[in-house]
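One chain, chain A, appears in both complexes that follow, with chain B as partner in the first and chain C in the second.
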Partner chain A sequence: MKSNNLSVQPLHKKSLLKRMAEYKHIYIILLPTLLYYLIFKYIPMFGNVIAFQKYSITKGIFESRFVGMKNFVDFLTNYKFWELLRNTLSINFYDLLFGFPAPILLALLLNEVRVLWFKKSVQTITYMPHFISTVVVCSLILTFVSSDGMINSLRALFGAESISFMTEPKYFYTIYVASGIWQGVGWGSIIYIATMSSIDMELYEAATIDGAGRFKQALYITLPGISETIVILLIMRVGQMLSLGYEKIILLYNPSIYETADVISTYVYRRGLIEGDYSYSAAVGMFNSVINFILLMTANTVSKKLKGSGLW
Partner chain B sequence: MKNLKKLTALGLAALLTVAAAGCGGDDEPAVVNKGTGEIPETLTIYCGISGYATKAGAKDMNDMLPFQMMEEFTGCHVEWIHPATGSEEEKFNLTIASGNLPDMMVSNWKGVQGGAKMYADDGVIIPLRELMEENMPNLTAYNAQKPHVAKQYIDDSGEVYYIPFIRKDEQLKVYQGPQIRQDWLEKLGLEAPTTPDELYNVLMAFKTQDPNGNGEADEIPMSGVKFENTSQAIGNLLWMFGTANGFYVENGQVKYGVQEDAFEEGLKYITKLYADGLIDKDYLLNDRDKMDNKFMNDKVGFVYSLQPGNYYKNMNDGTRKVTGIAHPKAEGVTNNVFDSSYTQDVTGISIAVTTANENPSGSLKWLDNFYGGKGLEIINFGKEGVSFEYDAQGNPKLTDYIFNNPNGKSQQEMSGLSLGTYQSNFPALQLWSYYEQILSPWGKESIETWAGSAGTDGVVPPLSFTEEENETIAQNMSQIETFVSERINKIVIGNGSIDELPEIREKIKSMGIDEVIEIYNNALKRYNER
Partner chain C sequence: MVYKKTKGEIIFDCFNYLFLTLLVVVTLYPCYYVLVASVSNPIEIFASNGMLLYPKGFSLSSYAEVIKSDQIWIGYKNTIIYVVCGGFLSVMLTVTAAFGLTRKGLPGKNLIMFLIMFTMYFSGGLIPTYLVVKAVGLLNSPLAMIIVNAVTTYNLIITISYFRNMPDTLEEAAKIDGAGDYTVLFRIMLPLAKPIIAVISLYYMVAIWNNFMTALIYLSDRKYFPLQMILREILIQNNTDSVAASGTADDAQAYAENLKFAIIVVSTLPILCVYPFIQKYFVKGVMIGAIKG
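After this line comes the complex of A and B, so read on.
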């Protein structure tokens, strides 16, 4: 093959090798990253073969029995399948709907603040929750919403009855999304604030001369200025639609709210790591990744059509 | 995604090892190499370490007094491999998948996924029956003396795959049950409840008559945790009605709680308690720590839990008193305890000999010291002159080294460091004679009360299943248990109604509960014929 290639397109090949030799330092710098992806992301993919097996740790990959699509069929016909899919999509959808714009709004608001000490303190305070570990955040949440917690105490001040938030399925989406915003809004706004600082000040001056007020300036200069960043972050966010982190949900949920709180990743966790059914959970995980991939591709294509720019 | 990565990494590890092991050629039945029969100079053993010992500073089980003594006594040095707390199962699986096996492995072989036999069939561990009888005179003598104990780990075909932790005395098996604020009962002039109705009345009095005396009706009469946990579950209230959340035996037949009439009666009772505000509104959010906090802050009057040693430590101020009450039961009920620890002398913790062990007979000879002779005293009491002294009658008595350690370590920490069977993490024969010395007065009293009032004939004995049976059980029960747990908890908190029970029963029938019950019945038959 190699010699064949060389004989067909010797010039092209040579020039590539030449270029590589010329910029060898840059290629060397690239090497660790390539190896990282190869070793930790691509090679392990072969392990996915256990999704088609009845995997047993004592037999290993080569000797475990092949069962074809059985694990996938079992999952798709499981009584929980639709519930899991619905919850995974809904939580993500609400998170996208409310959680995604929240940092943009905060960044826009902060951008208008001219009193520096106030701006800085607001930023610091909103960053803070990002650095608290998920375990602590979840136990804070559980304490806030418990029957004698902060929220119910506030309600009691107004004479409202105490609500058991964590045992009523209807509150879970709200609690999950709202706490996510609380934890992530400050951190998420950093990138937008940084982008805003690179917008040319002359544009604002020109707008002021044209008689645009603060609101119009934000709408017609700041927002378009950060729109590229918004789109890229949005595509990446859509690509993660189904890979919802399971840690937070596992720390928050309980059986009485499985109806709204149980998602694909928590189910994989219970089946795979607690019940030790590796093949089944590998199959579910693989299903999850395939859907993710489809969503990401769709988002990218849509973005290219609409804005003319995408991730690649 | 993260899970997937972990799984694929595990898969990869397995792939590499199988590739490496493949050269050996292992199709012919393994001939067990018995070894020299001499106690080896060194052994490598995989074993979880006692939590209190690590709290007290032990890095390794060789930092624990009984294992130091054992090395001196047997001349065998052990290199321990300890999994990190919380990732025991992962480490266990990785150790096996890696193919780099230690000489022996301590784990829950009794409840291991797929059954211990599968591990032997796949060449990870070796069968032990013959080796045990040849090399473990102490244990063999004990088995002959107590055949009902041996039956709990010698499987249906008469084979043995692991040597278990054994509780020698009856009292050691009873360590959890219902407990109540005795001082509240006395303050309100009430008797300890013995039936569901009496319990209801007592709890109602706790709620309405302000037993903690702070002028507010802030008492939570009963607290607990969700159904699927065991020791602290509010579902233990079902026991009074002769049923349980799970499998049990009635008239020689295995039953699954939800399918039975008694369960309906019990669930109605629990639902009523919850609706009347007698059960912690947040029981679903509780874990043991949260529950204990409420209890020790004078909020809670009644719980199911482990013996009240911890409550004694924190609440014993002369005015407060917690004690176990006799297991209550409804009229006509005989079996009112469905906790398997009450009947099983053998715990899950057990040791298996791997195929990598070059001297199985010698290893078992070493292990036999944990079941009799001088070694029995070493493992249970530690070192003479340090952790115990003989009294005038020649009985070992624990010393202030344990109770009032000069270095300021707590009694639990010192027990973890010095008493080898304290946290039952290494197989041995455990003795009541040391355990009763470290029990608090409240704990001792509770254990006596519970032992005297428990009807335990309904507990399912330790059955063994074939690989195929295991697969069916795992597959069906995984769906059924999630489903039942969700629906039952919802019924209790009033987000569902008891009228849904027929529908729930139909649904779990369609998920294959009958098939599983049949497997259990067959296994029970085999067990009884052992």
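After this line comes the complex of A and C, so read on.
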């Protein structure tokens, strides 16, 4: 139909309404999904006004009294604030430092394996933990780090004393990050392995003729070949920094290790949904989202400056 | 070309194979341990502590308890309902939106795309979302499990990038033959989009299968709990009362621990048996997603 009247009437001459009418069925097809985004994504965004209110369920969002920045000030001056911020940033920092490069390293090592069945088996087996549910993974962690669990049995072999890992705050970061690597390293490597397979083989052949060994090839061909993927994933990872993994923390932590395990999003969950302090926790949550957004923008800008490419 | 390995490369290869083998052992051992412990004699395993290479004694008593337990099966049933209905709803919403958003010249397309992408980077947050879910009457409704997280923006984006790469000629030919937009969508595009539908169906279904957070936040009635919520009670909160008739002596704890292993096996083994066969679809999804990050 479009092609028929192209010559009669150029597209840009038609009024917007007319053009929209032409697409009315498409809008009807889009409607359910757009409604979903409106109701469950955008209305909550505006629902954040309760962060500036003293929200009461009986009065509702339109009748509740405005209190300005009080909830934010309350949070920023709360004795928990620095602890929560430190934990949130530390867990993410360690996860970024160890958890992010792990799949890249695995992909590079797998790339050097020339025995195909071995490579395929390692891949399939390391994908497996990705398919185990968070609840089960956390229960495995709790079982293995318990005072008579496997980790302590191993330590006992070397004569070390049993440690109660889940009641000592100083071990939580390690447990969180290490278990994350266990579950995600294989799955995370897929994307790098896929990118590596698209690197031009002629580059390797030329390098071999020039006398470059496999280390040099890995360093000067493979690594640069996946660098763009690394950057994109790094930016996305930074953009999720403050929202990541709180389901796992809710399952793992207990009051005796809140000192290191409590992060902003778990605090929002407890204060908001368990204690019913809606306005205050909405303010905390909003603080979290805004910082998150700033981190993402910063990461993207830095990447554009350095590499000339970013997410947008 | 005969390529001769240098000494350094031979040493590296040895370490590489050794390291990867170690990684495989570290990955598999926890799962193997659970399997072996679940068929061991509860008392013996409780006394043994830690490492385990083969079953200590043999007992299927824990499995008998699990099979008798109503809670586990109610959870299983609910989860299957959520996975099937939720998977269907999610895929429909995602595919129809991806179809609409890849039509050429659609007014407002860029604005809609921007608004959708934006939700990936900025979210309303837990509390406002909770209040909205409450306002629309989904609190403590099983529908919350399939509606609240119905569309995942990442899945929508990989579906859009798949549709973008489909040729326009088919649609144009069908339109000339007088087909309307709905006919094009359901008769032509959907059959052609089968590969991406397989990928996102799996993504959505696994996400719903794993989801306990939505239930934790929105559901309070036990009869709607998905399997993962039941598992959380038993495995994380150590509340085995709902499964085991509480034991009489000190052995009770040993039986409770053993029961957990059997429950992990019963709830996880089905997926682990299936995943090697479907992993190629997941891998495909990761690759499509990688085209446009």
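Brief remarks follow.
Convention: the second predicted complex is superposed on the first by the 271 of 312 C-alpha atoms of A that agree within 3 Å, B and C clash if a C-alpha of one lies under 4 Å from a C-alpha of the other, contacts with A are read in each partner's own complex, and residues count from 1 in each chain.
Basically, contacts are C-beta pairs under 8 Å (C-beta built on N, C-alpha and C of every residue); 3 or more make two chains touch, one makes a residue touch a chain.
Keep in mind that this is a model prediction, so the values were computed, not measured.
Looking at the shared chain after the overlay, A:L140 reaches chain C, while chain B stays out of its contact range.
By the touch criterion stated above, A:R86 is placed in contact with neither chain B nor chain C. In the superposition on chain A, A:E275 makes contact with chain B only, not with chain C. Once chain A of one complex is fitted onto chain A of the other, the partner contacts of A:G285 extend to both chain B and chain C.
Contact comparison for chain A: of chain B and chain C, C touches the greater number of residues. By the touch criterion defined above, A:K307 lies against neither chain B nor chain C after alignment on the C-alpha atoms of chain A. In the superposed model, A:T58 makes contact with chain B only, not with chain C.
By the touch criterion stated above, A:K216 is placed in contact with neither chain B nor chain C.
In the superposition on chain A, A:K120 makes contact with neither chain B nor chain C.
In the superposition on chain A, contact of A:M236 is made with chain C only, not with chain B.
Chain A residues in contact with chain B (one complex) as well as with chain C (other complex) are 43-48, 50, 61, 142, 243, 265, 268-269, 272-273, 278, 281-282, 285-286, 288-289, 292. On chain B, the positions that touch chain A within their shared complex are 1-12, 14-15, 17-19, 21-22, 89-90, 93, 96-97, 113-114, 118-119, 122-124, 226-228, 281-282, 284-285, 471, 474-475, 478-479, 482-483, 485-486, 489-490, 493, 495, 507, 511.
The touching residues of chain A, when paired with chain C in their complex, are 1-3, 11, 16, 19-20, 23, 25-27, 29-30, 32-34, 36-37, 39-48, 50, 61, 106, 109-110, 112-113, 118, 121-122, 124-129, 131-136, 138-140, 142-144, 148-150, 152-154, 156, 182, 185-186, 190-191, 194-195, 208, 213-215, 229, 232-233, 236, 239, 243, 247, 250-251, 265, 268-269, 272-273, 278, 281-282, 285-286, 288-289, 292-293, 296, 311.
By the touch criterion given at the top, residues 1, 3, 6, 8-9, 12-13, 16-17, 19-20, 23-24, 26-28, 30-31, 33-34, 49-51, 92-94, 96-97, 99-101, 103, 105-108, 112, 115-116, 119-133, 136, 147-148, 150-151, 156, 172, 175, 180-182, 185, 206, 209-210, 212-213, 216-217, 228, 231-232, 235-236, 260, 264, 267-268, 271-272, 275-276, 279, 282-283, 286-287, 289-290, 293 of chain C touch chain A in their complex.
Against chain B, the residues of chain A that register as touching in their complex are 43-50, 54-63, 74, 78-80, 142, 146-147, 164, 166-169, 243, 246, 254-256, 258-259, 265, 268-273, 275-278, 281-282, 285-286, 288-289, 292.
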